[in-house]
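Each of the next two complexes has chain A plus one more chain, namely chain B in the first and chain C in the second.
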Partner chain A sequence: MDFQVVVLAGGNSKNLTPLVSKELPKPLLPVANCPVLNYVLHQLEQSNLKDLIVVVEGEDAALLVGAWISGTFIDRLHVEIAAVPEDIGTAGALRAISHHLTAKDILVVSGDLVSDVPPGALAATHRRHDAAVTTMLCSIPVSGPLESGSSGGKDKAKKLGRYNIIGLDPSKQFLLHIATEIEKDARISKRILHAVGQMEMRSDLMDAHMYAFKRSVLQEVLDVKDTFQSLKEDVLPYLVRSQLKSEALLNRTPQGEENSTEKVSSQNNQAFISRILANASTPSFHGIYSENPDGSSSTRKTHKCCVYIASSSSYCVRLNSIQAFMDINRDVTGDADHLLSPNNIIGPSPKLGTKTTVGPNCRLGEGSEMGDKCQVKRSIIGRHCRIGSHVKVVNSVVMNHVTIGDGCIIQGSVICSNVQLQERVELKDCQVGAGFVVTAGSEYKAESLAKKEK
Partner chain B sequence: MGAQKKGATARVSEDPEELARHPLQAILLADSFTTKFRPITLERPKVLLPLVNIPMINYTLAWLESAGVEEVFVFCCAHSKQVIDYLESSEWSSQPNFSVTTIESHNSISAGDALRLIYERNVIHGDFVLISGDTVSNMSLTQALQEHKDRRKKDANAIMTMVVKQSKPSPITQQSRLGTDELFMAINPVTKQLLYYEDKAEYSKGFISLDKTLIADNPSVILHNDKQDCYIDICSQEVLSLFTDNFDYQHLRRHFVKGLLVDDIMGYKIFTHEIHSSYAARIDNFRSYDTISKDIIQRWTYPFVPDVLCGSSAIKVERQGTYRASDVTLSRSAQFGSFTFIGQGTKIGNDTKISHSVIGERCTIGSNVTIEGSYIWNNVTIEDGCQLRNAIVCDGVILKSGAVLQPGVILSFKVVVGQQFVVPAYSKVSLLQQPTQQDSDEELEYADSTSGTGELRSDKLNGDIAPDLSETASELGTGGVGYIWTVFEGAYDEEWRHSVAPIPTDKLVKLMLDKDEDEELLTQDGNVISASRELKTDSDGNGSEDDGNEDSRDDYVSFEKEVEATFLRAVHENVKVDLAVLEVNALRLSYNMASVDCGGAIFYSMMKLAVESPHNSASELHRNAADIVTTWQKLLKSFLHDIDEEIEVILKFEEMCLESAKEFAALFPQILHLLYDKEILQEDAILRWADEKEGADESDKVFLKRSEKFIQWLREAEEEEDDEDE
Partner chain C sequence: MDPRRTARTVSDPKVRQVGFFTPAPPERSISDPPRFQDPIQPPSPSSTQVNDQSPSGNSLSPVMIPPAHHHSDNFLRTALQATSPPKAFSYSAKTVTIPPENEDVASSFSPGRKVVSAKSPSSFPGVKASSVPASELTTVSVVNLPPGISEKAGGASVEVQNDRPVSAKTLKEKTSKAERRALQEAQRAAKAAAKAEGTKASSAASKVVTSANTKPSKATKPSSQKNDGSQVAASEKKGGDRAPEKDRKKDAPHPRMQYDDKSRVEKAKKRAVVKQTEARNRVELFRHLPQYEHGTQLPDLETKFFELDPMHPAVYKVGLQYLSGDIRGGNARCIAMFQAFKEAIKDYSTPPEKTLIRDLTARISSYVSFLIECRPLSISMGNAIKFLKNRIAKLPLALSESEAKSTLMLDIDRFINEKIILSEKVIVKHAVTKIRDGDVLLTYGASSVVEMILLHAHELGKHFRVVVVDSRPKLEGQLLLRRLVRKGLSCTYTHVNAVSCIMQDVTRVFLGASSVLSNGTVYSRVGTACVAMVAQAFRVPVLVCCEAYKFHERVQLDSICFNELGNPDAISKVQGREEINYLDGFVNQENLQLLNLIYDATPSDYVSMVITDYGMIPPTSVPVIVREYRRDHLWS
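After this line comes the complex of A and B, so read on.
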């Protein structure tokens, strides 16, 4: 397939501090002991999309990510790593690497997407409609764990306020309206309603940050609209808005390679009017607008904005908050364990002390050791961890090389790599940044612990 | 029909939970409270107008009867006497199991008034069907009624079910095939609840605003532009009391439906019922009259078609949808096109061609007449060689030989068109003069205030005006009788929209091109809005700010014009200064301007007047200006309260000298001095202005330099004063 994939992997996301750090950029954040980027790359590989550009924010992060990819996916994917400055937005990042784009269509996917929806399906939909842009929509995930929700409470409240309003045509193939995060009332253009007749407004769908663009359209928009920063908030709404009157294609030659709609040969008034009066069915509602009433050679065009709606049973979550991190970790070891790709190596069984129980939905990394009478429930423990006796780990994520002293109780928390928990530490709904040392006997609740930045 | 009816009534009575069973009732509004069918409705109520030779109300009543309604209340207002007389003499007064009761009102001006009156009568005891007397339908009410009742059981707030039907408006004219304006509705696809309703009455913007809570509450909402409102409503009793509670509700849709949709306190809900295979439409205007007539002839409304409805008069349906009464006298050489109706006792001459038309009873049509797409009612005489295209010709009209009706002509009762006369397109001709007072908001059908029937009135009027007309050779050619109604300004462009004639091609092309331009504007607008809204960066915020400035600029220009007009009027009519001040103040408030703007605008008007009064030299101009300033200084002064406002006047003057009134450029210092002398400008203001200008560009300082001497003098005077003070 003549598809180029751009994976927007991000860098040091502020939403995820203290989980991410200079040493551990967001793409490498382990989800069930496996970097989050792996999930996307694995799905792409499965769909036979092997020509990739991975865009990472920041040079250092790019080096780390590049090293990991070349170590893991060597000979399996053709990957280029591109480093872009931080905070230039998704559209900015694409603009920066625009000259690398050569294929007819570009698939843009966010590196933090954990999903079992095949990207190939999106690409196929895009090709089938010869669309300018195709976006993937999925059901809004149920956020927050069932019991401990306090750490995510804030995120949750925020999420409720921001939902997408998506307008679809009756066949649910075309995207007619998109708005994000509305404070005001939704404003829907009557023009598009005239064209399509009826539009379904959905507020239970989410833009999953996976898009297929026609390269020429994408580059044109990025060139012309140099203030656009975000794909989701600027580029996509712009394309949707202008789909009946495509400016993106106006200053191209009509015979260009990317004739987005059926080009209509000259027609005289009479024939055109009579067609409308006869209510002749056009292939789609775009058809009527792509024709030119005065019969002169047409430069007006329309472009199609399509959607691929993932089935409601599929899994599709973005790792863009700590809450989402907890949710995804819970899900991939639980309900959505089919996501775990085969290269998620499960090492030789860890050493367990006597009377230590490991419940279902748990992962233990290679080389980890646990003392006596420990309890692990619905948690993930990374590689080479040393866990003392009488330790309880519930609903938590423990990354690599963590040392946990005797008698610690850890609930709903994230413990990053190289953390040392001394004896009898009690943590509830906390995040402990990499390399942090928690002193013996301390108790924390819903706090974020991290080393001071040097 | 009978079988259907039995089924429906049986179902109602079998409803187990409805212990106290009420007969299904209907309210039929025999008045549309609009003026769209004028001038015809000046003489006969709309519901009695023939639709394929049968009065409209018969279609409605026949449908109600077949749909299982047992009691109908016919509300009559305009020409109520005619409606009552008609119903009493018709078969409807003596039907078993179907009672028709009339309710008469003389002062109702809207559907709201009608429903309030019916509420007072206390005749409705349960769910009822609300319909107007111009509705043609063959839908079965059973399912809609059942849905309504089921919803009521679950939710007592579900008080109304509206019937809708698929009908996509034309993409060019944005109106449906019935000639009604496009309609936007939002409907919940699962519950079918109506969430939003917008007809063209509030068409202004290119966007629809849906309330955010509406979207938050309904995960899926379908916005429809492809539905037609059939104006058949199944209502619960509460609807009547709601009209009484909200005494300002007039229009069923515009007030009542929208009122309920926005009011979330009472929580009343409206639902929709979509019909797919059956027919329902309301005759709203001449275009829908045309469309529905054709639908009837093409038998979409079966069983409500002419040959079934008047079974006795033996109308035969022939090939290609031609209907012919039994005793028609046809010349052998007359040609009948398809879809044509010819009523009883009509005579048609040689070589006459008729197609797609309805011709009523006892008409006499001569030879070589061409009739296309027209509706000719009863007792019409058309002499030889006439041509009619897409016209409506009412009872008793006489077309003298060779008369031509261009598309869209309406000839009201007993009009006579003279020989060879060509009635221009879209003309409305009546024996009655056009009512002179035209209130655009008027909702009232021409109410028959004198209790005499329209028929009598027109006779009387006919007698009165006929001599007049013949004297003046008439607007309708020699021997013609009738007035051609003038179309009100602005409405002319829209006349074709609701006419019986098809929309001319050139209009369509023009509309298409206009629309393109609109779209361009809209797209641009959209961009500006979204850029400032979505990017949230300062650099892009400018776009909207510029827009804001632009707007206020425009406002100011029109304000200035108004002030100028006011001032000129004051000058020419010698209005007292106090009154002029009041007027300008009123303008200021209505345009939301500051008094600074008033000062500037008045000064501008004064100087403009001075320039425009005749003068030969600069000194004369100066004198003109001096005169005006002297006369009106009080007016100007009353808007100059502080120094800033005075500076504004100087700036304004400067601007004028540069742009609109360059003649003043040479006189700048003199006028400034004049204003100082008249104590309009204080020396502080002038000096402040001078100081401000000191730092400006060289080009800006032209006038400052010119008035240097004067300012110098002012400064010295000030210093002297200061000295004296010391």
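After this line comes the complex of A and C, so read on.
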């Protein structure tokens, strides 16, 4: 379908500091014992998109991710990995690989998106409107643990400032305004408002970081605006702002192509055809705006910024914070368990001691061992973990090769690989970085524990 | 008084009169050319019945698709298979060898892979965003199998067998007698075993018997099963990605399918690309027309965007635009379709061991059936497709592929230019002579030709007034009105309900048409017949403007047997006025049926003249045009 897919997998994210490390870049962060990148790739594979470019920040991370992909998706996907320097942002990453982009339209997907919205829907909307950019919006996920723990309210309060302000036209097809953070005042283009007449401001939608760009437009913007760092914060708002006064350069390229190919038919007939076609459809506000008062052909250039709003029943979350990590782990094992790809089914069931109970919505990796009288509720435990007796694990994620001593109580925490918890450790809402050793009897609450970087 | 017309309405009560008939239409008194005696529509009731049968009987529908050519299927499939390895090879050609300093990392790649990461020192120089260097791509995973043949072909063999009677059939033919026997025996034994399973508890003796019985079956079963698996897998492989397309084309729904025939509808549904749920409450008289729940098709088609491999993107886009109503109007739809086909032909390359003529025809047919699923074809599109297929079939065999493609693309351009644009210009030239100073012209809906006539007459400096009559729910007239007013024409806008009031001033009625049928019936936007009838009652001449490529030899007496149903929600709700919600919750009631017809048929009695590219003719002369036009142009 003449679409090229770029997966921006990222590298080491600061938001997820104790969880990700040099050995474990963000794309490989396990969600329900399965790297988060797997969810995106699996979904693309389902949509028959088998030719991908995965962009990873940092060369070491790229090698790790490449090794994992070649091991997992061999014979299934044709993946090319590009390593880009760190901290150049999403736009910078695209700029770095822009000479590899050849298709007419580019689908850009964030590697940390866990969603069941088919990318085809976005692509189809993009094609139908012949848009410059189409973005996917989804409703903001419910965050915080299901049971209203003490942390729930607090996290929600913390999240308040992170809404997107999104302006839509009455038919909910075009994007008129986008701002990432609540500012004191939002500037709305008068021109756009005048052309549309009515704008609907929404704050209950989230930019899902799945975009379809027209290649010529994207490359043009990246070339000209070389200070743009981020797709979401620079490129997209720029395109939305300039949709009615788009610089001629945005439209010149496709027209030049047309003229060269249509030499056979005279220019007059071409105009005729385009007029018939234009008259046949209900014009969007772009068309009306670009018309001159006397109805002659347009002198003002416009481009369309479209949205695809995922239905509220579909699942769509980005893994961009520790809270989101917890949420996704919870949902993937619970409500949204259809997201788990079939190759992720647990191996031989782990060894459980006597009187040990494993509640619903749990996932235990292969080779893990648990002692007597343990309780596991709504938690994920990785491979080859050793858990002693009288251990309580609630609402937590335990990664691979973790040793937990007797009598530990773990609530709402993330414990990374190779961590050692000695006896009677109590953790609540903590993140423990890889390879950390928690000494016996210690208690922590809402802390982030990690080895000191040498 | 015209004796013919009165005779028909009075002496023949059996004829069902659908559409608009005034009891005794007064004779027209216009200065237009005299009406010819209708050669094919004599007044006798018996011949009317004959005419009635013809549309469903022998008359070709405009969108008839020739049957598929299957003779060389297997052969071609093997050819496809044979050609695929080079494709996989081309992937591996991109691969890079490991640089020595990388060996420790590279060893984590599974051994034996041709693909490894390459590390180029140049990919990491600066971190400055403005001068980000081009980064290298590294292939880490390749698809060794050709696309379309999944690696699970063997595992899925059993399903395949169930799904596809065709492949099962080929299997049957291929197995030798001994194998068939083994298979039969195995089945029998399995049946016995199943039976025994049920009675296991009751008797131990029978168990012994069955176990004895199952033993040989077990011995034979694996071999036969294996055989099945490999063969089915093989046939599946041969099918490759062409198979679904072929199937679809073979069973492409007949354009005039009767949608009240349940079994056929079920069959059609199975092969449909667009998932369509049928609306529940349909008006009795129109059950034979497809009616779907609107709003369900578009999202479904959108989600399948990447999965429709054989569909060309341009065709797909046009389909989406038809479905969502972004492109409307006969000419626009036809042009959009042909431009998409042109793109598709441009990107087309003949598969090896196939001939362009046959394969391209099949390809176009599959596109057409996809477009039909998005929205039923208009008659003009049917004619255009016929033209294109004819051009493909008439291509000289000696032509090389690129020549053939460029010929076809030129043909398409020629069709658009000559049959649509040039003929519109000719129509405008003819019609303008009928506009005099001081005229009041009425038009209904939005027709591209009528719009051009009005604009051209205005440019010529004629002084006239335009009445634009519109109707809900599409309100296309507003768009026309907008363009006319902007050009400085003086216009009156009204809805069709008021047409009888406004008709008193009007001196001419200009109407567009979706098609003109050979008995002179004008098939056009719903409401046209009403306007024409009122004009007739007021003795205002009705001029129908229609390009000759929209003419069709079908005869149609009513607008029931062939029509299109629109979205019923469009008439039950008023867009932008939420407070008008009297029908909320009633839409799915058992005793409420909503009918939103798209077209209607205007009897030729109400049409004074048809303006076409061959001049101004009375509606009775349409068959002549159809006959001559085809011989001279369409089939040339």
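One rule holds in what follows: the second predicted complex is superposed on the first by the 396 of 454 C-alpha atoms of A that agree within 3 Å, B and C clash if a C-alpha of one lies under 4 Å from a C-alpha of the other, contacts with A are read in each partner's own complex, and residues count from 1 in each chain.
By our rule, contacts are C-beta pairs under 8 Å (C-beta built on N, C-alpha and C of every residue); 3 or more make two chains touch, one makes a residue touch a chain.
What you see is a predicted model; the values in this text were computed from it and never measured.
Chain B and chain C, once both complexes are superposed via chain A, fit side by side.
In the superposed model, A:118 lies in contact with chain C only, and not with chain B. When the two structures are aligned on the shared chain, A:238 is found in touch with chain B, with no touch to chain C.
Judged by the touch definition given at the top, the superposed model places A:199 against chain B, while chain C stays out of reach.
On the chain A superposition, the C-alpha centres give an angle at chain A of 80° between chain B and chain C, rounded to a multiple of 10. When the two structures are aligned on the shared chain, A:318 is found in touch with neither chain B nor chain C. After overlaying the two complexes on the shared chain, residue contacts for A:47 are found with chain C alone; chain B is out of touch. In the superposition on chain A, contact is made by A:69 with chain C only, not with chain B.
Comparing chain B with chain C, the partner in contact with more residues of chain A is C. Of the two partner chains placed by superposition, only chain C is touched by A:2; chain B is not.
By the touch criterion defined above, A:330 reaches neither chain B nor chain C.
Of the two partner chains placed by superposition, A:401 touches none, neither chain B nor chain C. For the pair chain B and chain C, the minimum alpha-carbon spacing after aligning on chain A is 6 Å. The residues of chain A shared by its contacts with chain B and with chain C are 227, 229, 269, 273, 276, 279, 293-294. Residue ranges on chain A touching chain C, taken from their complex, read 1-3, 47-50, 53, 55, 59, 62-63, 66-67, 69-71, 73-89, 91-92, 95-97, 99-100, 104, 118-121, 123-125, 127-128, 226-227, 229, 264-265, 269, 272-273, 276-277, 279-283, 293-295, 311.
The touching residues of chain C, when paired with chain A in their complex, are 91, 94, 105, 108-110, 113, 115, 117, 119, 123-124, 126-127, 129-130, 132-145, 147, 151, 299, 301-309, 313, 316-317, 320-321, 324-329, 331-333, 335-336, 339, 410, 413, 416-417, 420-421, 446, 448, 451, 479, 483, 486-487. Against chain A, the residues of chain B that register as touching in their complex are 168-172, 174, 182, 184, 186, 189, 206-212, 215-216, 218-227, 505, 508-509, 512-513, 516, 519-520, 522-523, 526-527, 530-531, 534-535, 537, 539-540.
Considering their complex, residues 163, 165, 167, 182-191, 193-204, 227-229, 233-234, 237-238, 241-242, 244-245, 247, 269-270, 273, 276, 279, 288, 293-294 of chain A touch chain B.
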